[in-house]
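Below: a set of structures, written as structure tokens.
Here chain A shows up in two complexes: once beside chain B, once beside chain C.
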Partner chain A sequence: MRKFMRRHVLQWALAASVTASLGGHATAQDSQPVKIGYAVSKTGPSAAGAGVTTIPNYELWVKDVNEAGGLKMPDGSQRKIEVIEYDDRSASDEVVRAVERLATQDNVDFILPPWGTGFNLAIAPLMDRLGYPQLAVTSVTDKAPEFAKRWKKSFWFLGGGKDYAEALAKVIGDAKAAGKVEGKIAVVSVADGFGIDLINAARPAFEEAGLEVVLDKTYPLGTSDFATLINDAKGSEADGFVAFSYPPDTFGMTKAAQVAAFNPAIFYVGVGTAFPIYEKVAGTDITGVMGIGGVNASDPKIADYFQRHTDSAGQPPDSWASAITYASLQMLQQAIERVGVDREAVAEELSTGTFETILGETKLEDNQLRQLWWVGQWQDGKFAAIAPAENEGASEPIIPKPDWKQ
Partner chain B sequence: MMSRAFLFPIAVIAVAGCLAFLPSYLDDYGIGIMIGLLNAVILATAWALFSGPTGYISLATAAFFGVGAYTVAVLNESVPYPLILIAAAIIGALVSLSIGLATLRLAGIYFVIFTFGLSEMVRQMITWFEVNITGTLGRYIFLPIEPRHIAWQLLGLAALTLVVGWLIRRSKTGLALRVIGDDEVVAAHCGINIARVKVLLFGVSATLLTLAGAIQAPRYVYVEPAIVFNPTLSFLPVIMALLGGARSLIGPTLGAIPLFLLFEWLSASYPNAYSILLGAVFIVIVYALPQGVTGLIRRWRERSASVVQPEEAA
Partner chain C sequence: MFFSTLLFGLVLGGTYALVALGLTLQYGISRIMNLAYGDLLIAAAFLTMLGFTSYSVLPPIAMLLIVPLGFVFSYLLYLFVLRPLVRRAENRAALEIDSILATFGLLFVMQGVMLLIFGGNIFGYSWLDNAVDLFGVRIATNRLLALALAILLALGLYLVVTRTRLGLALQAVANRPESAPLVGINVEQVAAYAFALGGAMAAAGGVAFSMIQTFTATSGTALTLKALVIVIMGGVGNLPGALMAGFALGITETFVAAFIDPGLTLAATYGIFLLVLLIRPNGLFGKAAG
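So, the complex of A and B:
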């Protein structure tokens, strides 16, 4: 028995030494990789959003960079990316502990943000204290200017509820001024952080745009039957329907509107409208449906990005935060190329530099991305940006929306 | 005899005193682990204060934890921090007492289902209030509280929870509670006011759970109902206390520490297989250790003593 054990130990020792020498050889040849860590929701309620917007873009970017030989350094050398990833299981305390682990145990060079406003805020003080730049992409908050001041290395990419609500009010207000709609609006919102933020901003914005709100209702998170709500909207004689909704609700309301043959001139639904799956959910022509986000439909850079994303993830990206997520990673990549892996210098470069991304020439203002599309509309199978209308690449809105085909 | 009797609280305070030096030396991750461990110990022990002796499985932990966190979120801009904690404790006590009065006549599976629904109900009530009355849902907590401050507070709360549990066991109420757990009918015939004892203990347990939520709220920075009313929080203390042994005072701690470390190791090493491994661990615990770790130790002791002894009150 003892002999057997000793032989085993010897075998292990031999194997270990061989592995160690091989490992040593490999590191001598390659330059050391840049360690990039992230904790995102792979399971739990946030997994759906993270799985559409965040994870595929992180994977695509890492693949793109490593296939091109790695991240370029200021001295011209290249270093591959080594990824360390965790699942935050959609819980705030998990994401905080995972970031602590990434920073102090795994000693990663950079930390990519989790998905969602709440999770980004939960790690913000920690990232600031540990000195990591935070590219808070998937955070919609009106307090972004305040946060950017509070945490100097934090960057906010998706605007606030006010931006989206006011841009929508302008789109409908302009249509009213052009005589295309009467401007009677039925608005419903989900009773959750996002829905409440938007409806609070939309009420005064609609009033200012000269629109009349004929129905204003809130529904609980997790509602699955929207027939009553849609019928109420239909009965309210509104010619504009606005829903500040989450993806499952967005899909449910679309189906309910088709069943009820509810055909207002403006049909606007919230998060999820920009998802590639929306067309399949509707199962019919969705031209004219408006929602949050949008992309420059005629831009070849965006078309190329859509193609690469489809090849890598098996589905096209969503047309709201996906392209912005990818662009934020390109900014990080270019900042590293200019100043190296010094986090302090990278944060400074992100804050002040100008970058060439799939969004075009990109520059942050007070640590926030402001060149965003606020309202999009499905046109010819693309979720085309329609507001702000004065920006280059904006499409002309189709109003009234064509009736649902039965 | 006297010194022996006070051994437990003295030991608890001594251990807590030693651990109080740790946050000054640990790095961020170490403090994060310490916070997680202490949270698990507090939740499991406070849960077992009521559910252990009575055998009433409560799945309302998330409700009280969330109430505590929300109290901090609502008051953090207008009230000094120590007062917020007191307010959280009072609110937790009031909520649990009113709920207890209404429901503790339920027994068995009805009680389990009710408590599970309770978390959802409290969450929906807060949502309704925020949407219709205050018109805001996400709330921000900007308090100058660092992780090590949270660790220290949790350490104090953990010691308090264990000492409170010890005091209850020594009191008449503790004895009454054990009688109720063994046989409610007998307890009633002995002249024990069953409802009062149960409501009281439910309240004490819930107040401690509320405080745990309140103390950790600054770590969330941003609070909305979906974040703080996390159903996982209701299940973990149950499985931790069952692993350690819910009927002994130190049992939940013995279950909470290894389980928390196991979860942490699983999520660090196998982030993609975590849920599957977690399920497997639960099954193993229920099959292999139905009496918990303390039950196993007791059985070993009994076997080695080989003399039939009356069951010792841990």
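So, the complex of A and C:
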């Protein structure tokens, strides 16, 4: 179906250019679409993450641009976006193949990144070799500074595990200094890439912040029942619970904590806390739950983006990487507007330019986005950013977290 | 600590057993290794969620509709897709390979359709999430409900199989498929019923699963695998065996998590599985020789 459509469009484009050259007009060049390709996980284990954060934003952005007449060019003309899309089936060899195909067979002008740290790392050398800028948005890696140097046209938008762990340690450390918590932490982590990165960064960070880790356990990927783990944490007399978890586990642990009436002063769960589904799964009783990410809850630009996303995708965006994904596309759009579809020049512009996005005035530092929110907390139905506390738009954390209603 | 861990294990084992009951019927009696089993379960979970979130239909009410739907769907599936394979197969091994290939394809069709309709998102809802106090241990009401359902269905089906005429036919087809026609049993018909009954069980499992856990359109494969481990451990086609194997796995997991290390739960599960395969290759409750 998709292939057929693409062929159809290609034929149409071919016909159009033939007609144009026969007629001797030069107008066809202006109306020719800008081809933008991407390979994301539409099926397989990564489909959930891509379906929440990446795909709806790509679709929303293309819709927004095309409804406004297309991408603006430096000469003032407008060109619509034509999308070529592949499913990487959650396999990194597949995403590499698809990117190669997008560049060499489909000859797209730009390639948008896949979802996830692993997939972005998998295509980074290839993107570099093919000369495409890579907006690695959904990549959490402490090595971002190194990668940005190695692959000059790569851009890293989501920080590293260390950033998140240290910011969390500071939130709890500050609460301890203010006498709100004792600072005894029970921490659990999933034995997989993300969980390992964060727990390794968190152990020294917690110690630095003067926190005492009273329980430190890992659990395997795919664990479905957390009653035992939560019971352990409850028995440990910790007044802070921290889980570096993946979405299904995040939901499972929240439910288990509610059932066990486990009410620590700090309740922090990992990826998935910022997803709109969190509220549905956990019930409305989630004020005070902390997690990764967060948005400036009082910013009208963010509120407007949430509304447009809801209208377009039928659900609100997640409050961590969604807004950043959309902002990265706005940056690409503005870079093209300034320098055209020249990939080299666009990469240079992304690296040095300043952009007006839904995050406000946005500028990369050493090819990395650093104006990020590291810790968020559910407050009044919004996942509000609470750290770094000194940044404009940060909300005041609610500590201790109100008890679960039971 | 010991008692609460035991209870958690029983409850977890109940959901495992619930997921495996249908597969043991399909594989044990109809001889169809249904790789799309978990996807049927997830389809039922989606229907339950839709009913609950869009039309406020409570899951137990939804079950009254979804279970017969699972039966009819599986019956038709057997009639139009699997029966030709059964007729063509020269022996059991050939049928096994054919059915694995056919249901492997079916798995992708079902996942594809669900992805098309629901997208790759994570789904879930909150119903009966409150805790009940059971001898001083707090347990989620919906998990307790799933446990009760597993025991009821396993025992109910066991009674059907051991006490009714249809059950007798089911047993005959399961144990001596080549001799069953000699005593007037329509093997094909009985196999179709068994397969459909398995589908109904999968649907029941899916309804219960949706109350307890979040899921995506592609969660089915992991469920099929888990169910397969339980079916083989309990003895293929053995209903009380599946129940016991489910409990054994659940209790092992919670005890390992509580007293050794939560990181070793998976290792323990497959360790036990291996042990059972080595010592009793036909499963905990399987007959010594087929």
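Miscellaneous remarks
One rule holds in what follows: the second predicted complex is superposed on the first by the 375 of 406 C-alpha atoms of A that agree within 3 Å, B and C clash if a C-alpha of one lies under 4 Å from a C-alpha of the other, contacts with A are read in each partner's own complex, and residues count from 1 in each chain.
Operating definition for what follows: a residue touches a chain if its C-beta (ideal position, glycine included) is under 8 Å from a C-beta of that chain, and two chains touch if they have at least 3 such contacts.
Please read all numbers here as calculations on a predicted model, not as lab measurements.
Contact with chain C, but none with chain B, is seen for A:248 once the two complexes are overlaid on the shared chain.
When the two complexes are overlaid on their common chain A, residue A:45 makes contact with chain B and with chain C alike.
When both complexes are overlaid on chain A, the residue A:259 reaches chain C alone and has no touch with chain B.
In the superposed model, A:97 lies in contact with chain B only, and not with chain C.
In the superposition on chain A, no contact is made by A:32 with either chain B or chain C.
Judged by the touch definition given at the top, the superposed model places A:89 against chain B, while chain C stays out of reach.
Look at A:352: by the touch rule set out above, it reaches neither chain B nor chain C. Legend: residue contacts after superposition of the two complexes on their common chain; A:55 is shown touching chain C, with no touch to chain B.
When the two complexes are overlaid on their common chain A, residue A:218 makes contact with chain B and with chain C alike. In the superposition on chain A, the residues of chain A contacting both chain B and chain C are 42-43, 45, 191, 218, 220. Residues 41-45, 47-48, 50-52, 55, 188, 191, 217-220, 222-225, 227-229, 231-232, 235, 247-248, 251-252, 255-256, 258-261, 272, 275, 277, 280-283, 315, 406 of chain A are the ones that touch chain C when the two sit in their complex. Within the complex formed with chain A, the chain C residues making contact are 1, 4-5, 8, 11-12, 53, 111-112, 115, 119-126, 129-131, 138-140, 213-214, 216-218, 222, 250, 253-254, 257-258, 261-263, 265-267.
Of all the residues in chain B, the ones that touch chain A in their complex are 27-33, 36, 39, 124, 127-128, 130-132, 135-138, 140, 142, 216, 219-222, 224-227, 230, 232, 264, 267-268, 271-272, 274-275. Contact residues of chain A toward chain B in the complex are 42-43, 45, 85-87, 89, 91-94, 96-98, 100-101, 103-105, 117-118, 121-122, 124-126, 129-130, 143, 150, 191-193, 196-197, 200, 218, 220-221.
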